[in-house]
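One chain, chain A, links the two complexes that follow: it is found with chain B in the first and with chain C in the second.
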Partner chain A sequence: MDIFEKLQNLDKRVFYILMALAIAIPTINPIGLPIDITKPVKDTFDFVQSLPDGSQVLIGFDYEPGDEIDLSPIAEAIFHQLASKSIKIVALASYPAGPTFAEECLEVLEEYGYKYGEDYVNLGHYAGGEPTLAAFANDPLSIFARDWRGNDVSSLAIMKQVSSMKDFSMAMTLNDGPTGGTGTHEWVRQAVMAHGTPLIMGVTGVMAASNQTYVQSGQCKGILAGLRAAAEYEKLTGKKGTGTVGMDAQSIAHILIVAFVVLGNIGMFVVRRPRVQPASISASKPGSNSPSKPGSDPSSKPVTPGGEGK
Partner chain B sequence: MFAKKTLPTIIAFVCGVTVVIAYFFNIPFIQARAQDILKWQSVIAVFALGLGAVNIIRIHVNNVQRSQNRNLYSLALLLTFAITILVGVFAGQNSDAYKFIFDYINVPTGSAIFSLLAFYIGTAAYRAFRAKNAEAAILLLTGCIVMLGRVPLGAKILPVSVPLTNWIMSVLNVGGQRGVMIAGAIGFIAVSLRIIVGLERRSYGGE
Partner chain C sequence: MKISTEIGVWIGALSAIGIYSVLIKDNPFYRMVEHIFVGASAGIAVVVGLNTFNNTAWSPMVQGKYSLIIPMLTGLLLYTRYFQKFSWLNRIPLSFLMGTGAGVAMRGAVESQIVGQISATMVNLNKLDSWIVFLGTGFSLSYFFLTYKTGKVTGYTSRIGRYFMMAAFGAAFGNTVMGRVSAAIGRFQFILLKWLGL
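Take a look at the complex of A and B:
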């Protein structure tokens, strides 16, 4: 087996080790690769910046622990911007793990002097997905009698200013999909279509593709997709966090995958290329009685990724 | 017969029609009834969560019994399930013990499972992204451009990957996604109508 055949069938353990190193080393020892601001993130930042100072926003923590690394950095980055404008935050969650993430992310507000119950509240988890969100949108107090910390919601100063979804200057969902919780489509229907409340989304990288349609249609005012968006937002707010650190690792991991794909294809093209012998060249000249048949050379046999001929 | 077929159909019809009318028309009486139905739904959903928990316990207790205590995964699930519920109920969801379970067990295990994708998708891409024909070459090229265009280092190596990624995502991708979404929405409306008028009974256990 020559080197090009080996390139097509590298041991997956080699890839696993390289991938582990590619993620671990930049995470432990950040490189600080420069991050450019993309248009979707800038548009989202500008939209949030245009919200009235001191207004209320609704943030849905609709994700599970597996997607925390993508979405919590987005939440923290945007909380810095909201706090700089004294915007009040009402958090709720359609996943059972959501309120705990909300509690952790909302801690960043303390450095701005935010007071629980007056400037922000964590309402906790609601079951039932879209219909419950619809009920909340019509009458928030009908769904949450007590908040995540056990307080009477109707007694909280922040909730006295909210009687329906229309009272929020913006809604945002941090979302990893509709399975078990409220998805982005449901937020569009209940926040934007039913009440006209502007919506922005923080989604995992893989969900960006399916939600781009809402941005183009204007139903979603901005989309922040994955760790990259968190890193860009941190740059815009000037508060570096886990998003910026994670981008180094993600950059190198992507490059590693692309490098492996390129190497595999180089191996395939070299091995598949017919290796014509000098004798067969003369035999295949015009007028020859014994032209060489395509594929008669064993070395020209096409090889698929699994090493089988096709 | 009445309780199994007719009654669920009547409930589905009344609830479905009321909520749909309330969504499209501002009629105070209907709005109020729809809000009542939505609140009821959220209560029922909580019971569904409890039902799910009971079902998980039942299945894994059976697993343990059948394997004569050798099914370690089911044992681990039951044990962690019990500990988490007890800590949550008695110590509270904002207690240090509950946060310890969440921060040092729940989140790391969830993230670890999700992070395996980096390894499996990476090796899958390496083995599957081969330009064996024109279609495969287009897929390979698109995948590599988007992978490079989504990270800062990739954009430095191949600057053209950024505008190309934006074009792929906002033109090619959105066109396809719109088709899928519109088709899905039409199917969703059709199934919803069938449930509301009682033609679709599998959703409540019928044929």
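Take a look at the complex of A and C:
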């Protein structure tokens, strides 16, 4: 058995161990690989930078724990930029776990002297998906009587400046899909189409390609996809965070995956044998003088129209 | 190395290790953590759901917004499906939910997902990117013309369309791999940096 045959039969646990090392070593000892700024991230940054200072923005935490690493770093990175422009933030969530992530991410605002209820608020979870978002867009107080911390929403200073979606200078959804929550399509319909509020998206890597179309059509002002986009955004804001820390590990892990894909394909082409017809195998058997009966030879297959034996 | 002393961090780290242990072999530790995860997720959903119900319906109703009794009672009808004699009643809130959802979605769906997307492909053909968008859309659409027999020309266009779609699927797959690696990075950061303090 040559090296390629051994690679074809490699125990998958070896790959798991190599992958674990590829992630663990750069996490403990960062290499500091360069991070280039891509156009979608730069465009999003420039758009947020163009928002009026002191205005209000709406941020939807529409994701579950499995996608926290992709989306929470994006939220934190963009909060630094919003805070530098004294922009007020209203957070809400369509997933039950969303308000918890909102609380964690909103903590970065404290270093800018933001006060809860005046400069930012976590409204909490809303059930019902798109219809509820539509109702919120028309009258926010009709959906949230109390915020995540139990305060009367109508008494909060920040909410007195908001009577509909139109009062937000920008909406943003941090989104991992429509299953169980409000998806990106719903946000486009209710924020952009219904009220003309500019929208940006923070999405998981999986969703990037399918939502890029909204950016190309101009319906969405920017898109940030995954941890990579968070790292780029952190570089633009000058505030290093989880995204930057994770980029070395991501790059090394990707190199490992690509190496294994290439090796696996080379191995497949080298090891692959030309296919031999079952009938010819039977005929070439030494000592096989009598015609074999159907089913008597385990290597023979029934001849079916359009099948291998045709 | 400064190991965390927070009980929550310890539970999170041990749970993550328990989940990853299935990569070596299915084992009781993995099973236990898996069941805890499912149970905890359901528990959180119930608590947050009750909190949402209290904030958006019960509290405002108690404070005098009595019209909220109507949606609350209508919502309760969803549970009549557990009683054979009254199960037909659950169609009332279901049809209301379906109708409202469809109506709200239709408000912007045509413009955002049909008109907007089609108009985005009608680009000024002065750049290579624009040509790729224009031709890629046309060829990909030709792949789905199933109402007539594919001829020589349409055979070529649909094949090229298939290559365009494969490129799109490849991009989506690449992003998916990136997302999965990100998830692993998140857990490793938690275990190595937050738990073990390396």
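Definition applied: the second predicted complex is superposed on the first by the 271 of 310 C-alpha atoms of A that agree within 3 Å, B and C clash if a C-alpha of one lies under 4 Å from a C-alpha of the other, contacts with A are read in each partner's own complex, and residues count from 1 in each chain.
Methods note: contacts are C-beta pairs under 8 Å (C-beta built on N, C-alpha and C of every residue); 3 or more make two chains touch, one makes a residue touch a chain.
Note that the structure is predicted; figures quoted are calculated from it, not measured.
Chemist: Does chain B (first) or chain C (second) touch A:L10, or do both, or does neither?
Modeler: A:L10 sits against chain B, while chain C stays out of touch.
Chemist: Of the partners chain B and chain C, which touch A:G246 in the superposed model: first, second, both, neither?
Modeler: In the superposition, A:G246 contacts chain C only.
Chemist: Is A:Y126 in contact with chain B, with chain C, with both, or with neither (first, second, both, neither)?
Modeler: A:Y126: touches chain B and chain C.
Chemist: Would you sort A:G66 into first (chain B), second (chain C), both or neither based on which partner it touches?
Modeler: Both partners, chain B and chain C.
Chemist: Just to be sure I read the superposition right, which of the two partners does A:A194 touch: chain B = first, chain C = second, or both, or neither?
Modeler: A:A194 contacts both chain B and chain C.
Chemist: Classify the contacts of A:E186 with the two partner chains as first (chain B alone), second (chain C alone), both, or neither.
Modeler: second
Chemist: Applying the document's definition of touch, where does A:G205 land relative to chain B and chain C: first, second, both, or neither?
Modeler: both
Chemist: Quick check on the superposed pair: does A:M19 touch chain B, chain C, both, or neither? Answer first, second, both or neither.
Modeler: After superposing on A, A:M19 lies in contact with both chain B and chain C.
Chemist: Residues on chain A in contact with chain B in one complex and with chain C in the other?
Modeler: Dual-contact residues (chain A): 16, 19-20, 23, 66-69, 97, 99, 126-127, 129, 131, 134, 143, 194, 205, 208-210, 213, 216, 226, 228, 250, 253-254, 257.
Chemist: Which positions of chain A touch chain C when the two form their complex?
Modeler: Per the stated touch rule, the residues are 13, 16, 19-20, 23-24, 27-28, 66-70, 96-97, 99, 124-127, 129-131, 134, 143-146, 185-186, 188-190, 192-194, 204-210, 213-214, 216-219, 225-228, 242, 245-246, 249-250, 253-254, 257.
Chemist: Taking the complex as given, what residues does chain B use to touch chain A?
Modeler: Residue list for chain B touching chain A: 19, 23, 31, 35, 38-39, 41-42, 44-46, 48-49, 93-94, 99, 102, 106-107, 109-111, 113-114, 118-119, 121-123, 125-132, 140, 143-144, 147-148, 150-157, 162, 166, 169-170, 173-174, 177-178, 181.
Chemist: Give every residue of chain C touching chain A within the complex, in rising order.
Modeler: The contact residues of chain C facing chain A are 23-24, 44-45, 48-49, 51-53, 55-56, 59-60, 100-101, 104-105, 107-109, 111-113, 116-117, 119-120, 133, 168, 171-172, 175-179, 181-189, 192-193, 198.
Chemist: Considering the complex alone, what residue numbers of chain A touch chain B?
Modeler: 10, 12, 15-16, 19-20, 23, 33-36, 38-39, 64-69, 97, 99-100, 103, 126-129, 131-132, 134-135, 138-139, 142-143, 148-149, 194, 205, 208-210, 212-213, 216, 226, 228, 247, 250-258, 260-262, 264-265, 268-269, 302, 304-306, 310
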